[in-house]
Amino acid sequence: MKKYNTPLIDDLEKGPWPSFVTEMKKAAKNNEMANDALGHLEKCYSTKVGYWKHGGIVGVLGYGGGVIGRYSELGGEFPGVAHFHTVRLNQPSGFFYTSKALKEICDIWDKYGSGLTNMHGSTGDIVLLGTKTDALEAIFAEYSSRGWDLGGSGSALRTPSCCIGPARCEWANYDTLDLTYALTQEFQDELHRPTFSYKFKIKASGCACDCVASIARADMSIIGTWKGDIKIDQAEVKNYAKTMDINAEIVNMCPTQCMSYDGKELKINNAECNRCMHCITRMTKALKPSGERGATICIGSKAPIVVGSLLSWVIVPFIKVEPPYTELKDLIRKIWEWWDDNAKPRERIGEVIEMKGMRSFLEAIGVQPQPQQIKEPRKDPFMFYTDEDIAAYKAKEAEEKKTGKYKF
Amino acid sequence: MKKYNTPLIDDLEKGPWPSFVTEMKKAAKNNEMANDALGHLEKCYSTKVGYWKHGGIVGVLGYGGGVIGRYSELGGEFPGVAHFHTVRLNQPSGFFYTSKALKEICDIWDKYGSGLTNMHGSTGDIVLLGTKTDALEAIFAEYSSRGWDLGGSGSALRTPSCCIGPARCEWANYDTLDLTYALTQEFQDELHRPTFSYKFKIKASGCACDCVASIARADMSIIGTWKGDIKIDQAEVKNYAKTMDINAEIVNMCPTQCMSYDGKELKINNAECNRCMHCITRMTKALKPSGERGATICIGSKAPIVVGSLLSWVIVPFIKVEPPYTELKDLIRKIWEWWDDNAKPRERIGEVIEMKGMRSFLEAIGVQPQPQQIKEPRKDPFMFYTDEDIAAYKAKEAEEKKTGKYKF
Amino acid sequence: MEMTELQNKIYAFCEAAKGKKKLKEKDIIKGVSEAEGAPADEVKKALRGMIDVGKLMYSYGGGASSVEIPSEEYLREKGLIK
Amino acid sequence: MALPQRKTDIGPPHYKQFLPPVIQKNYGKWKYHEVLTPGTMVHVAESGDKLWTVRVASPRLLSTETIREQCDIAEKYCDGHLRYTTRNNVEFLVSDEKKLESLKKELKDRGFKMGGIGPHITNVVHTQGWVHCHGACTDASGLVKAMMDELYDYFETKKLPNKVRLAVACCVNMCGAVHCSDIAVVAVHTKVPTIVHEKFKNMCELPTVIGSCPTRAISPDPAQKSVKINAEKCMYCGNCFTVCPPINIKDPERDGVAIVVGGKINSLRTNPKFSKLVIPYISNEPPRWPKVVAAIKHIVEVYAKNAKKHERIGEWIERIGWERFFSLTGIDFTFQSIDDFTFMRDTMRTSATFKW
Amino acid sequence: MALPQRKTDIGPPHYKQFLPPVIQKNYGKWKYHEVLTPGTMVHVAESGDKLWTVRVASPRLLSTETIREQCDIAEKYCDGHLRYTTRNNVEFLVSDEKKLESLKKELKDRGFKMGGIGPHITNVVHTQGWVHCHGACTDASGLVKAMMDELYDYFETKKLPNKVRLAVACCVNMCGAVHCSDIAVVAVHTKVPTIVHEKFKNMCELPTVIGSCPTRAISPDPAQKSVKINAEKCMYCGNCFTVCPPINIKDPERDGVAIVVGGKINSLRTNPKFSKLVIPYISNEPPRWPKVVAAIKHIVEVYAKNAKKHERIGEWIERIGWERFFSLTGIDFTFQSIDDFTFMRDTMRTSATFKW
């Protein structure tokens, strides 16, 4: 095997943080592809430019995604990366593994690929980094026969992903792992066979901490919340008071200013609490949500290309999230249907909503306008009215004339 | 004179608030035009629609503005309002009058017009409501010979206007009346002869109270401010404490949280004060700005048509405002020049800045970028760089390599 | 260029646009100074001279101001013709 | 009779000649002021001199007769000095304390109304409406009269947490700072305009008309030598009508008003704010627009009951959240309140934190 | 050797089989947790059962060899159970308190790094860079390594006012939640792309390419059967390059990085926020990008010194104002920081209230 001289990236083996270069070298010891990847990267570092080409059309029979084609312009110089495709495997909910399962994944990958991985890709997949076109079918057969399917890519549903939720967190308002598994199974067809205008991502967080960053990078963000009061254990509050300035750290930082603490008792005006989770996270032994649990559905977040980054918008303020998740699945189907009808190629759902207006979207999916959906009402006077709207206002006015009472 | 039956608007003579209908009737007693205006208005009330037509081309010789043409579709039925043009007279700074001056205005108006006025129009002019085309030259001769000139209209500088400022207010940071007078005189040509793409309004407020609403409705908003500390008279603070909960009403409402009050002494961390004026207005005997005085220049506010309402944007965080106001006059000329070069017809300065970008505007008028101009920096990564920008960054980096110290 | 000659050019410029395009003062100054090589401020002065005596007039329509050749009605109202 | 010689470009008269002597003397040297009653205040100069102001309500639309009456009063008590405010009230400027009470008495006897200083409702910014404008979807003066009759106590006596600035826009041109008012009425058309195609060519400029439309609903109609309007995209702003008279947008049954709240001009405590739409449509009901008036009064009352001292309506709402404003007032939340124009992206909620 | 029979549409394995018994038993019934050290925490269930977590730093780019090593450790101390986090760290899940210390010792001996729990800097979200992506303007993994070597103490020991989430975007596609990070590096192109016109026709779709441009800088070039780019309007986002390979945008001397700060994902206290641009350009300086690293460290230190406990960087900045952030950090304010894209109107200051 060729030994590359890699002074620039060698420098990145120094220092306390674990080194990706060391990882590449480990793989390169007995893998041509990884070895050439190392030389190829040193070349990039020395010239300050990348040499990868656009992905071509590679994949496994019958699927439209799960493999990202990648070729190098320097295939002559570094034959091991002339083809260097990525395979995405759909991770288990919550990124839990047993050593047995992981070793199995490694065995197959060592057999067919570069021995390099990302644990995990940014969407959530297990990313197997670098293989050749002619190995793809074998890779798929090996993995799928052992229970591992590919993840999403292209204009399709992307691999759903979630926070650790009820598996290890006291704040989960619904079962993020189960929902993610259920949706992934329900929509296998949409995940593997690209029929959308562009990608669609789903991420599930159990509470407002949003540990899977759903609000910023999911076309559908499912964020757990609750309806009841925050229960207070005053004895535990006393314990916290020993090490914490409760007024400075909690009461004054409450965004709705609905708390008070007189040095003895902590009080919450629950009607005005917006469930931001700050107090709960800082006093987890003393404070606990109660009552009905469910999620807020937000739609539309994405990266900046084309119209600038979007954060997801509240569409359904509260929805029950319980197996078999029928209501949520129906909602997803309705959303896709409207999106499909209205999107131009490469338009994400958020972009289409912005283009067509929230009303068109909400009416199509059967959701009422609610002030919970907005931060503030419109500022400009350029309202649309349908003839039915005006007729309804006039009917209301006629009614008011009769009853003598206004309903604004 | 015809007596109209006006049951609908008669109802508006009842009730405690002074009635505009009563005013119209007063004028109608001995004025045909006012009398027909009354009948005409009753007609609008009964049919719920207006009958005025678009203004035609009326004005006084040599001027392009100051008269708003108005005709009624119902000229046959109400001949007194067949022509019903408005004359705008440029008000004195601060809307101060003597009875002598006002009576003179009334005398001329009774002679040639409807006897109806608006004290004042929304821009600030004395509005003389309703006259005929053939009276315009006479009206202008009568008023101008007595020292009253017309105000602005059309695609021109509009009549500048200001708050009462130093004439009766302890908070004025510059002489709003004098500046307004000086600018109006300096730019007479631009006011009377429309050479702009659209209207341009200037409003001058002496402090952040903005009693002339400049920030919302002036292409150039001039808002007084200061640079020094807020001086505190602790004895007066004690007096206020008798009737005021200083912590609740002042300290906790301070937007920068830079105040504290321990029941004895009021403290302000002036470095962090943003000069919002809240504390000063509520404790005017105790608190006084000090140090250098001047104004913040904001640009661009306007009503919603076409792109939605704009509030004015901070362009020059601080400028001295002292006679002969050379710096400010030069700035205005530079702004007009850039606007002229870049505006499409009927585009206000704010719209053009939004279209062409703030950088183009600031560079043209010679103002540096400063964080005071923004609420927050850009969110998207779609930055423009000139070759000079990049060269400058590279030069800085080369310099840093030499000195071993980074300048971010 | 002579003031009167310049004013004739301006008048011709306005006449050419009549019924086709509403001219803003700026359009005239720019157009005539480019066509005749006259400095913009001279054109402006010449134009002002014409407007002051009713050879041309400011007009307002379509929400914006423009410069036009006056109608007879206007001239009559201003007492410039009988 | 020969006319006097006209003068051009003289500009307004110099303000100084109109200032009362006490102002000329203490100009720029005021020390503080005190509000004595909702209709009177006194400004005290560093010199110790005092100036009393009596503020009187005005319908803004004044006959010369009333102006003369105001002048007579000013001559009697103020050496002929008076001024108008930026919100169109009248202010009598008194230098001699002894004249203050008799001035107030005479004003009262003559039926003038005093008030509006301090945390009260003062005059309503409004413009022409049916009285003088071709674009109006409602009458402004009548609405203002109806509103202020109903809210009158807040002008003359009743305190509020802070000033409440009201305004009426008789069309979306919004001649006034309507878009930043605590509560404003905005009159709207609600029907797609019709076009008299025959007149288009002579009266309108094609590029101007096309450029006038905020939503790009207008395109050329070469066959008719006119334009056509895409009804899907038109939101009836009337700007095409402004630039082109053959476009007709007025409709007596469909024109009506919307109510916006929460705006603010000054920078005290919080930044200036735009007003936001809360009631999308109420029919025009001259002469007194009872539902509009009732809605405004209701909002003022809910505010008065719930806001903290010094909070403006918009500040109060931002503290409690718009969802709470809607539930406290019981106002229906409609699709129209969701921005679908420029600011949609910034006005949608992007977090799971809100109140039920 | 014959391949096994492929299966399709099976989806991922069910997660339950991978959960340690203590989780299976207490699933959804956790009561509270305590952070013991920056690298360890314990979750306590209502049943009283406990689960210890040891968090270990990962470069994310892992060789199968290292994964196997992680597996071996998990087998020794965790009955083979481990997981990865949403920010790509590794977590060892310990059910038996007795094994905790020996696990930590072995991890330490093998050179694994523990930390990142609580108010610390944890792993940096980043993506492929030069390691695997065609669009990269920089390398992501190298930048992350350089940053974390320098900031390492904040991972392992040093407390901050709150979590600081770092991210690197190797191009403006921003694969990761880079746009809402406390501090992020965004790699940018800064030159207008060139086009190989001959290849355009075969490799690209005209409408797609034209539609790809956020600023509408691209128009058809019928003569060349290709497109042309208006250099005035192009801000080098590279989206045209994404959809059309013959468009070339990479330039080794001009590609570089920008630094954005103040973003936030969660809804605690304040709403999620986008990160905002503060340093428009730093040249690529592999292998260690010293100026980029120094800038980030400087911002972290100014934050650590000035913020209140629990304030995220963006919350701290919003409290003190962006003008104060620039003066405290001494960072030059440039034209690039003024929005000229979508949000200009909302990001300009509309009041005379700011700090000097």
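Going by the order they are written in, the chains are A, B, C, D and E; count residues from 1 in each one.
Just so we're on the same page, contacts are C-beta pairs under 8 Å (C-beta built on N, C-alpha and C of every residue); 3 or more make two chains touch, one makes a residue touch a chain.
This is a predicted model, so every value here is computed, not measured.
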item	value
Common touching chains of subunit E and subunit B	A, D
Required steps from subunit C to subunit D (each step between touching chains, minimum)	1
Result of counting contacting C-beta pairs for A-D and A-E, higher pair	A-E
Euclidean distance of C-alpha centroids - subunit B vs subunit D, Å	13
Centre-to-centre distance between subunit D and subunit A (centres being mean Cα positions), rounded to whole Å	47
Intercentroid distance (Cα basis), subunit C paired with subunit B, Å	31
Sequence positions of subunit A contacting 2 or more other chains	208, 215, 255, 276, 304, 308-309, 311, 375, 379-382
Multi-partner residues of subunit E (each touching 2 or more other chains)	172, 174, 179, 214, 237, 267, 271-272, 274, 341-343, 345-346, 350-353
Per-residue multi-chain contacts in subunit C, two or more chains	63-64
Touching pairs among all chains present in the structure	A-B, A-D, A-E, B-C, B-D, B-E, C-D, D-E
Residue ranges of subunit C in contact with subunit D within the complex	21-22, 62-64
Residues of subunit E touching subunit B in the complex	169, 172, 174, 179, 186, 188, 190, 214-215, 235-237, 254, 256, 258, 260, 262, 274-283, 291, 294-295, 298, 319-327, 329-356
Complex contact set, residues of subunit B against subunit A	304, 308-309, 379-382
Complex interface listing, subunit C residues touching subunit B	24-26, 48, 51-54, 57-61, 63-65, 68, 74, 77-79
Of subunit D, residues touching subunit B in the complex	3-15, 17-19, 23, 27-28, 30-33, 43, 51, 53, 57-68, 70-72, 74-75, 80-86, 88, 90, 93, 111-113, 125, 127, 129-136, 139, 141-142, 144-146, 148-149, 152, 155-156, 172-180, 208, 211-214, 237, 239, 242-243, 245, 250-253, 255, 265-272, 274, 284, 286-288, 308-310, 341-343
